[in-house]
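The first chain written gets the first letter, and so on, giving A, B, C and D; residue counts start at 1 in each chain.
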């Protein structure tokens, strides 16, 4: 159990570093979803299944979708018509 | 100290470190980068770190999840209260996130940039020294004559 | 039919219920929705007035929601302080109901939600529940700040949201520390347990985090950077509500936390320092501000700094002074913001304003005199009470605070007199005088000015009521005894 | 390179803050917090409410006002987002219907997600899950068809009715107790047999209201941010 927690925390911190420092915003949003997934594993480890479910559905799922939709709409999503890519 | 206690302590260290790491990285992302989407992501990290800490506070070693299958308590359970609080906090967080993103979309619309410092400068120019920068409202677009600038916004 | 004690939930749920249904009504037509919103506002005021008849004599109402005894369930707690600020909230929102052209039915909905959330904020007796209502108020105010539809409004609302949401996350961390250390969230329960479990650095850290979170709306230093931006970019009426009412509600929460849970010198000193920093920074920035809107935004920061200083004095009269400053500011400042919202643009161009609209200029002068604290205006008695308390306090640091407040008053007088004098001068050079003030637009200011003039005649009964209220609020044992009988 | 000074200053400050936080957290020994209210609730929750999921019992009974506040926040956010975006131009990459696969998949996914979400909502008082998690899935169920076919926006009137009525229902169920002289949100109908679907009194009804409210608000929020349905 502690091994699972340790791995999840490592993944989570690694993904959080990516959220802050990776150059593309699309990659940062993807990394934020990974943070949420790792977090939801940690919640499960902490015997909080309700919270784990919510974090996976809301944190990783809905928030990720909202962020992606926003990037698409402001033209930071690669491939959007007038987009200038996802560089800041 | 028993092995179980040592193990619990190690688990606590790992989780607290993770929570502090998320909070600090989130704060960094809110302070140093200037892109508004990055700042919003930083906010998410801070919230996640706080949520993790709150759930960790309610943990009790060798206790079951607070769901009484079969309809009765089998033994000690971890503290359900922080879990309820975090559940609430997660949902509040997604609401705030959605509004923040709606504003991001609109700011990009009207200011043409998502650099927080440029947005601040343009706002100061719009509201501050109205002699130099006539107010342009979205939709209306055109510069308004100076006479109208003294009209109210009430 | 409804049990007496349990009615105190009505100021919270009535506006929420109406807000949920308002979009449906608005679907039919715009004006019934608008009418419904304001009717519920009046109803809210009626309920609050009724609650005052119940608690006005010093009684309290406690309702354990869901029938679950505290500390397991959430309690709502109404004493004179809560109902007084419910009244401020209700009247403030009715006077400054958003105008039709800003945001339509959605703005009406947000205003109702602000009304319900704000009511919950002052009534709730549970730390996390306070956080939830604070978030309702916060999110509604982001929306209202952007309701003008102008470019600056969106930018200001977003930057306000980001700062405020960060503050909320910190407040939640503070709540986590409190729960981790004390194992409860009920304010009364915490009050009993705090000396044992929340003393020392842990308590101070939790208080700092909570103040940084709730202080965003209360315009406390250093989390007040949003104030000048939002107050200039938002519609005038929204500015009046945010500066006049919402900031005071957060201050009430901070007062409750300070009295009930963090009643130790460390926390008091912390609040004193933050308050003084707000007074100094606010008045200096107001002096240099280019237009009336920013002047009043910064002056608002300074006034709330005064409230924080007063609350930090460990004495019932300090609390009385703080409540007095808060209520006085809630009456005066919205009226001034209405004037600032009409006469925008650089202060130097105010020349000739008095000729264009004499009532507005006179109201400006009267309200300014009261803010500065010139006798016989109520503001004088308010400041006298505060300074008397500061100089009488045992700790010499409060004498220093008093001196700072006196100096700040001089600065305040300087910039307000300057603006007032300009209004009576002819326009400078070939500038045209400011726009004429339609009386309908000025009406809320005139109502508030009249209130100030009436209060002049009732200073001593008001003062006595205030002292009784402060004595009740300042005694944690009363609160605990009411919520958890048998614990003391 | 620009902005290094700022980054360095922030890093130094944050390292200091991290040390302080670590010291604070260390003062709360892991796994030994007092948590007296939580544990006391865990003991009495089942007999008092009849819900086997204690987290749900807390959310709906002991802290029901928090939950009302929470759905209200989603409503506030959705209202404010609608207002902010009502005058905005449509997004940049809009209008094109999605490919065949997405459309077919959405047709298959919709009933499945709907059933899953409904199941999670109504079993919230028994097993992990409930109004929030199920509501999030319901939101996805309503949003995916929209993504597949942007030309047919969500039926806003239906969404608006669900949104309004479910929120009002929560308050109405809570206020019903007031007329019996009891406090707001006092559970109705007794506790029933723990573990059965129809148990825990009015809690499942409240969760149903929460689930519908959360689902409709979240779907509306996503639709607005996507630029498909700023109901002007």
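Methods note: a contact is a pair of C-beta atoms (placed from the backbone, for glycine too) under 8 Å apart; a residue touches a chain by one contact, two chains touch by 3 or more.
The model shown is predicted, which means the values in this text are computed figures rather than measured ones.
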Pair sharing more residue contacts (C-beta pairs) when C-D is set against A-B: C-D
Euclidean distance of C-alpha centroids - subunit C vs subunit D, Å: 30
Rounded Å distance between subunit A and subunit B, as computed from the means of their C-alpha atoms: 13
Separation of subunit A from subunit D, taking each centre as the mean of its C-alpha atoms, in whole Å: 19
Centroid distance [mean C-alpha coordinates] between subunit D and subunit B, Å: 16
For subunit D, residues contacting two or more additional chains: 28, 33, 35, 37-38, 41, 53, 55, 63, 66, 69-70, 73, 76-77, 80, 84, 87, 91, 128, 132, 218, 221-222, 225, 227
Sequence positions of subunit A contacting 2 or more other chains: 48-51, 54, 58, 62, 66, 69-70, 73-75
Multi-partner residues of subunit B (at least 2 other chains): 11, 15, 17, 23, 27-28, 40, 53, 56-59, 65-67, 77, 81-83, 85, 87-88, 90-92, 94-96, 98-99, 101, 103-106, 109, 138-139
Pairwise chain contacts under the document criterion: A-B, A-D, B-C, B-D, C-D
Sites on subunit D touched by subunit A in the complex: 53, 55-56, 91-93, 120, 128-130, 132-133, 136-137, 139-140, 143, 218, 221-222, 225-227
Residues of subunit D defined as touching subunit B within the complex: 3, 6-7, 10-11, 14, 17-18, 21-22, 25-26, 28-31, 33, 35, 37-39, 41-43, 45-46, 52-55, 57-59, 63, 66-67, 69-70, 73-74, 76-78, 80-81, 84-85, 87-89, 91, 127-128, 132, 194-195, 214, 217-218, 221-222, 224-225, 227
Complex contacts: residues of subunit B adjacent to subunit A: 7, 10-11, 14-15, 17-18, 21-22, 25-26, 28-29, 33, 35, 37-38, 40-42, 44-45, 48, 51-52, 55-56, 58-59, 63-67, 77-78, 83, 86-87, 90-91, 93-94, 97-98, 101, 104-105, 108, 114
Subunit B - residues contacting subunit C, complex: 23, 27, 30, 36, 39-40, 43, 46-47, 50, 53-54, 57, 81-82, 85, 88-89, 92, 95-96, 99-100, 103-104, 106-107, 109-111, 116, 119-120, 122-123, 126-131, 135-139, 147, 149-154
In the complex with subunit C, residue positions of subunit D that touch it: 20, 24, 27-28, 33-38, 40-41, 44, 48, 61-66, 68-70, 72-73, 75-77, 79-80, 82-84, 86-87, 157, 160-161, 163-164, 167-168, 171-172, 174-175, 177-179, 181-187
